[in-house]
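There are two complexes below, and they share subunit A, which is joined by subunit B in the first and by subunit C in the second.
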Partner chain A sequence: MEEMVASAAYGLYLALIVAGGLAAVRCHNLVRALIGLIMTLFGVAGMYFLMAAPFLALMQILIYVGAVSVLIFFAIMLTRAPGGEAGHESLRPRMGLRELLSVASGLLPAVILAGIVAGYAPPALPLKSEVPLARLGQFLTGPYVLAFELISVVLVVAMAGAVLLGFERRKGQ
Partner chain B sequence: MIAQLTAWLMHPLGHMIAALAAIMAFVGVNGLVLVYMERKVAGFIQRRPGPYEVGPQGLLQPVADAGKLISKQLATPEGADRLMFWAAPILSMAPVVICFLPIPFSPLLTGMDVNLGLLLILAFSGLNSLALCLAGWGSNNKYSLLGAARAVAQAVAYEIPLLLSVLAVAFQTGSLNLSVIAQEQTRGLLSWNVFTHPLAFFIFFVASVAETNRSPFDLPEAESELTAGFHTEYSGMGFGLFFLAEYSYMVIVCAVATALFLGGWDGPVLPGIWWFLAKVFGLIFVMMWFRWTFPRVRFDQLLNICWKWLIPLGLLNLVVTALMIKLVR
Partner chain C sequence: MNPLVLFHLAALLLLGLGLYGITRRRSLVGMLIAVELMLNGAGLALVASARLTPAADELGQLGALLVMGLAAAEATLVLAIILVVAKRWGTSDSATISSLRG
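== the complex of A and B ==
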């Protein structure tokens, strides 16, 4: 019973991810494409839930769905082309080759990765129980402290860069 | 029969279904109660009786309002993105049910005892700003779009002090489970977190007023400038769902504030549930009181309050809390 529900949930999330990804690439309307992206992010959050990592799943929803995609939305609203209709990207008629190349470039890494995983995958582990939040924190500040600090340095640099860009533009006006 | 029923309720699935049904009923009734309360509070603050004609003391007024809303035609504006336009009110309302699940109304009366309950509420309540964006964008109306742009800037900015103030309490308790946090505060009045974290409570309450788009932070729907902001184009239950969602989010933030800071169900004599509800509706009353006391802030003031005051104060509060915990232990 439990296995069946899990498989059904897996299928649902997979469908959500694929459908969302397709919508993100195919929709002419930028906002609809963004909705596709959000669907994909939701699907990934669901996958985290299935892997007994609810903390990651909720963080995915909180950060990516609640904040990042909302910021992308804001960017779309601010960058409407003068004269053109907002949120529409012109799609040139020369479609065939572009479609083919994009499918190829998308499938290539997927095929390679899938091949490696199929060939050398370790047997599936029994589902672990949820890792308590405190242990997660200990891991981040213990064995992985260097990676943790490096990520925060990257974020600080990005933030400083954003402030710098903002100031320069203000001077120009 | 009753034994069977309790056995079914003890099963996690049965418990969850019962909880969801109870939550939906509560959300509906709560909408009616808060509409009446809002109009009466507004009336008395402005020295007029408020709704008076329908039913004794106007008690049936919200029922009449609801009947009117339900029976109205649903119109889609010309040139609107039909899919997004109608997805928005649903997306605004749907997460409400999930947000109610981890709230501990009393030690027994908790929808679902989740270890990450606080995070669950914060994550899913963030979807509301997305819904406002969709509503503003899909309406094909400049007022709606302006309202949506304001909603985004406001929601993203005020989420940070909200998280910072919540984190301070989570640090102290060492848990994100709302039931555990509330349980920790049942050792007398002085163990309530509002006395140990007064600054965090202040920041949380101000940020949550802003997150629920209540006055004085109601810029996304500012009637005097934007007609009705993001829900200008919505008629009937499209508007009704936004309205219901707003009132439900008010209850959610006040319930979280009660569980985090005001001792949850703690109180003498009466059973816990009544104390919890009394504190929640007390906080909601304060929110309504705000609405008729403070004028609406300007947009630059709104962002300045957040970035220059609330966030630095929240960070300071967090650092001091961490330091105190380190020193005490």
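== the complex of A and C ==
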């Protein structure tokens, strides 16, 4: 019974990921592509839940759905062509070869890696018990303190850089 | 089928979709969306490897958390770059951004 529910949940999340991912890469309207991306993010969060990693699933929703997708929405709205529709990607007539090459470039690495994974995967263990949040925190401030501090520095530098790039000098100075 | 393989196939699907999107899209924002797809696949693969093999659990989960932090930083920076490009060229179409200037 439990096995069946898990398989059904996996199928549901996979369907979310596939449908959202296809919308994210194929829609000509970027706002719709962003909605597809958000759907995919929810699907991945569901997979984290399925692997008994609820902290990561909530972080995924908080960081990606809450912050990153809002940033992308800002990017779509701020680059609107004057008078044009927001987030519309221009089309060009001859797409055949380009489309084919795109499919090949996406499919080739994925298929090669899938072959390797399917061929050499170790037998999966039964799911381990959930890691308590306190233990993750201890690891983050213990063995991983350098990575933790570095990611903070990276975030500060990225934001300072973004402010610097977006800074506009006043006219006449 | 082995659940480890299943989760890794989902991650590889995200990688393939992202690569397809990044080569197909014409605007910088579309490429950013494709990159986010690939980063999600990376996080999923990390967590699956940590949860379903004898590897340390905290390693994979905190690694995925760091990937999310990097994705947030990258999205911030790309937003600023897109704004500068849109201000200078009037569009974020990747085909028009073809001149370099020191």
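Definition applied: the second predicted complex is superposed on the first by the 167 of 173 C-alpha atoms of A that agree within 3 Å, B and C clash if a C-alpha of one lies under 4 Å from a C-alpha of the other, contacts with A are read in each partner's own complex, and residues count from 1 in each chain.
As a working rule, a residue touches a chain if its C-beta (ideal position, glycine included) is under 8 Å from a C-beta of that chain, and two chains touch if they have at least 3 such contacts.
The model shown is predicted, which means the values in this text are computed figures rather than measured ones.
Superposition model on subunit A: subunit B and subunit C are shown accommodated side by side without a clash. In the superposed pair of complexes, A:100 makes contact with neither subunit B nor subunit C. In the overlay built on the shared chain, the residue A:12 is in contact with neither subunit B nor subunit C. In the superposed model, A:145 lies in contact with neither subunit B nor subunit C. When the shared chain is aligned, subunit B and subunit C each come close enough to touch A:71. After overlaying the two complexes on the shared chain, residue contacts for A:134 are found with subunit B alone; subunit C is out of touch.
In the superposition on chain A, A:158 makes contact with subunit C only, not with subunit B.
In the superposed model, A:32 makes contact with subunit B only, not with subunit C.
Contacts of A:55 after superposition: both subunit B and subunit C are touched. More residues of subunit A lie in contact with C than with the other chain of the pair subunit B and subunit C. Minimum C-alpha separation, subunit B to subunit C, in the superposed model: 13 Å.
On subunit A, the patch touched by subunit B and the patch touched by subunit C overlap at residues 55, 59, 67, 71, 74, 78, 87. Those residues of subunit A whose C-beta lies close enough to touch subunit B in the complex are 29, 31-32, 35, 38, 54-55, 58-59, 61-62, 65-67, 69-71, 73-74, 77-78, 87, 130, 132-134.
Partner subunit C is touched in their complex by these residues of subunit A: 10, 13-14, 17-18, 21-22, 24-25, 30, 33-34, 37, 40-41, 44, 47-48, 51-53, 55-56, 59-60, 63-64, 67-68, 71-72, 74-76, 78-79, 81-82, 87, 89-90, 92, 98-99, 101-103, 105-107, 109-111, 113-114, 117-118, 121-125, 127-128, 131, 135-136, 139-140, 144, 147, 151, 154-155, 157-159, 161-163, 165-166.
Across the complex, subunit A is touched by residues 81, 83-84, 114-116, 119-120, 122-124, 126-127, 129-130, 133-134, 137, 145, 148-149, 152-153, 155-156, 159, 174, 176 of subunit B. Listed in rising order, the residues of subunit C touching subunit A in the complex are 2-10, 12-21, 23-30, 32-34, 36-37, 40, 43-44, 47-48, 51-54, 57-58, 61-62, 64-66, 68-84, 86, 90-93.
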